[in-house]
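Input: one structure, supplied below.
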Amino acid sequence: MSENNRVKEFTEFRHRMNERILSQDNQVVRRFFALDNQTYKDGALPLKTKELLGLVASMVLRCDDCISYHIAQCKEAGVNRDEFFEAFSVALVVGGSIVIPHLRRGVDFLDQIEGEGIHSPVQEHSHE
Amino acid sequence: MSENNRVKEFTEFRHRMNERILSQDNQVVRRFFALDNQTYKDGALPLKTKELLGLVASMVLRCDDCISYHIAQCKEAGVNRDEFFEAFSVALVVGGSIVIPHLRRGVDFLDQIEGEGIHSPVQEHSHE
Amino acid sequence: MSENNRVKEFTEFRHRMNERILSQDNQVVRRFFALDNQTYKDGALPLKTKELLGLVASMVLRCDDCISYHIAQCKEAGVNRDEFFEAFSVALVVGGSIVIPHLRRGVDFLDQIEGEGIHSPVQEHSHE
Amino acid sequence: MSENNRVKEFTEFRHRMNERILSQDNQVVRRFFALDNQTYKDGALPLKTKELLGLVASMVLRCDDCISYHIAQCKEAGVNRDEFFEAFSVALVVGGSIVIPHLRRGVDFLDQIEGEGIHSPVQEHSHE
Amino acid sequence: MSENNRVKEFTEFRHRMNERILSQDNQVVRRFFALDNQTYKDGALPLKTKELLGLVASMVLRCDDCISYHIAQCKEAGVNRDEFFEAFSVALVVGGSIVIPHLRRGVDFLDQIEGEGIHSPVQEHSHE
Amino acid sequence: MSENNRVKEFTEFRHRMNERILSQDNQVVRRFFALDNQTYKDGALPLKTKELLGLVASMVLRCDDCISYHIAQCKEAGVNRDEFFEAFSVALVVGGSIVIPHLRRGVDFLDQIEGEGIHSPVQEHSHE
């Protein structure tokens, strides 16, 4: 399947499963999802910085879906290519070579959303 | 490929590779697999509780295959949907938002084994 | 310093720093602490099971303070020695030998709170 | 021993061991240390943002020494209390309650370097 | 798609993305990649031992791509099946049952490169 | 207290708690400890290589007690200073700067056991 479809499929799966999870009657889970949304709002630190923090945290913890999500959010927030790579370099040095495979997939994801000249494909879904 | 086939393929791969690994003449590896089986037997704590412990440990360590395996075992042991989500909520709060992508895949796996009205598809294979 | 003092000092530090953190005007942090409390309440799963889940999650993630906290909470909830060791065995097998140093410190902590014939020394503080 | 001495002892140990490590004839280790220094220099992203990235990465990976180091560097770079807590909140939500004990020790460290009205006690040592 | 194609696709993706990453003007990232290469050169410890160290580190950190890469490198360096399984046994005991799914995929990868009677499919690409 | 006493205290605590844990009637835990011992025996790979594997695994998983234990075992097995630092360099590059604080403490421990001209202080205790 094409790369474009892979991003779309990934986004749809996330969207569908988040709805499924939130439809369950579990208040702790729901509140956690709400809190996750609230975390990245503009505040003393601008949204852009917070998304970069979320991105680097996701990279050193090596979660591909979270990395894709925060790359899309960072792109929305105006992070440019040089800034992305400086954030990547922090993640690489702190987290080590074990981060490299995730860096490759992250750069590939970034290439896809940049190449397509579209807005973030996950912009309407707020949960990682 | 259909979801059903994906569960089947995953189970067959696990089964085949476990046999492959155990056919190798390495006593430490074999004993580890035997010990892994022994760990979840009924004891001072019931099997159901132990499987829930295995599930939450797998979630905070973020291992999709282990999560699928323990969800199937928990289902076998009679864990119901509310209990699953309370276990998920502990994993989410202890492990953080980085657990969310694994939660999505876990809930999807649970939906599949529940929706199909079948017994656990991995019931005959004891290693994670 | 005596073991008894070490438990006391640890408890006081946790209590003091939790107050310090919650006195700060950051709603996300405060809500996270509240959510953490809510997570272990009796529900579809009994409090005792949830505390065991928190304990095993803390062990595989190898956080000594969290392990001490959940051991004390489990003790309060009526977990006996055999049950503790079965929970430990799950953590050990899932998490590997890297868990052993934390197991040693956890058993030492359990010995202290049992030996002293006192209720959990951290019972009044709800955050890990 | 007093808190002040503890910070001093920690700084001296770090300084002494870094010298010891770099005196060894191992080029990979030396280059890694040099690269680590280079990572946080002003660039497309300002030093302050990079130090915040290093701080949050250290928190979700739960390394107390690294957290202390980056808190001191952030303080030097002008991060104020509200900004610190917003960075902490990202680490807490991404990394989960397992981060809480490290948050307590991090806030305690921040209190010490702020309370003493001194510049960062680790400012002259560049390795985490 | 056939197993053979999967190895090939994986190798091509790694090769392409490494080039993409190194074409970016970020000196820290480039130096990290160079340092990564330098790490496994023959020295006081032979290359074979270093690749085994890289393999076990990748297994306990549970990174499938890194495991595949180091298995291929170890194979090149002359590691035989018994030696592989002894290295696997260390990773399994240190890292716990959470390593098992990665062990399965690692053994599957080893089977593929051995079965095909070819030299390591990733021999020309030096980054994990 | 003196450095020498610190090593001694650490060794005694480990010895005492291992006995305490093994005195408990839990077969899974006992078997795990036995398996851990068996893992590092001479085999297809020499004991020295296996201890180096255990050391690097402990470093990237960042467990100070495990690092001290394996450094002592490696020293017993004849690992020299250059070899130690090459093993450290692999751990550092794979695991990242987050390993540095553990490297400092590991080198300090190595200095202590070398400086004192004694055999490994933990040689009689086989569990990490």
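Note that the chains take the letters A, B, C, D, E and F in the order they are written out, and that residue 1 is the start of every chain.
Just so it is clear, a contact is a pair of C-beta atoms (placed from the backbone, for glycine too) under 8 Å apart; a residue touches a chain by one contact, two chains touch by 3 or more.
Since this is a predicted model, take the numbers as computed values, not measurements.
In terms of C-beta pairs in contact, A-D outnumbers the other of C-D and A-D.
Two copies of one chain, chain A and chain E, form a contact in which under half of the residue numbers belong to both partners.
Of the chain pairs listed in A-C, D-F or B-D, the one whose interface repeats that of C-E (more than half of its contact pairs identical by residue number) is B-D. Among the other chains, the CA centroid farthest from that of chain A is the one of F. Chain centres here are means of the Cα atoms, and by that rule the chain farthest away from chain B is D. Separating the CA-averaged centres of chain B and chain F is a span of 32 Å.
With centres defined as mean CA coordinates, chain F is found 27 Å away from chain C. With centres set at the average Cα position, the gap from chain A to chain F is 38 Å.
Residue positions of chain C touching 2 or more other chains, listed in rising order: 28, 32, 35-36, 39, 57-58, 60-61, 66, 82, 85-86, 89, 92-95, 97-98. A complete topology is adopted by the chain contact network, contact being made between every pair of chains. Per the touch definition, chain F reaches chain D in the complex via residues 62, 81-82, 85-86, 88-89, 92-93, 97-98, 100-101, 103-105, 107-108, 111. On chain B, the positions that touch chain E within their shared complex are 13-14, 17-18, 20-21, 24-26, 28-29, 32-33, 36, 57-58, 61, 63-66, 127-128. Interface residues of chain D facing chain A in the complex, by the touch rule stated above, are 35-36, 39-40, 43-45, 49-50, 52-54, 56-61, 66, 80, 82-83, 85-87, 89-91, 93-95. The residues of chain C lying in touch with chain A in their complex are 27-28, 31-32, 35, 38-39. Contact residues of chain C toward chain E in the complex are 60, 92-99.
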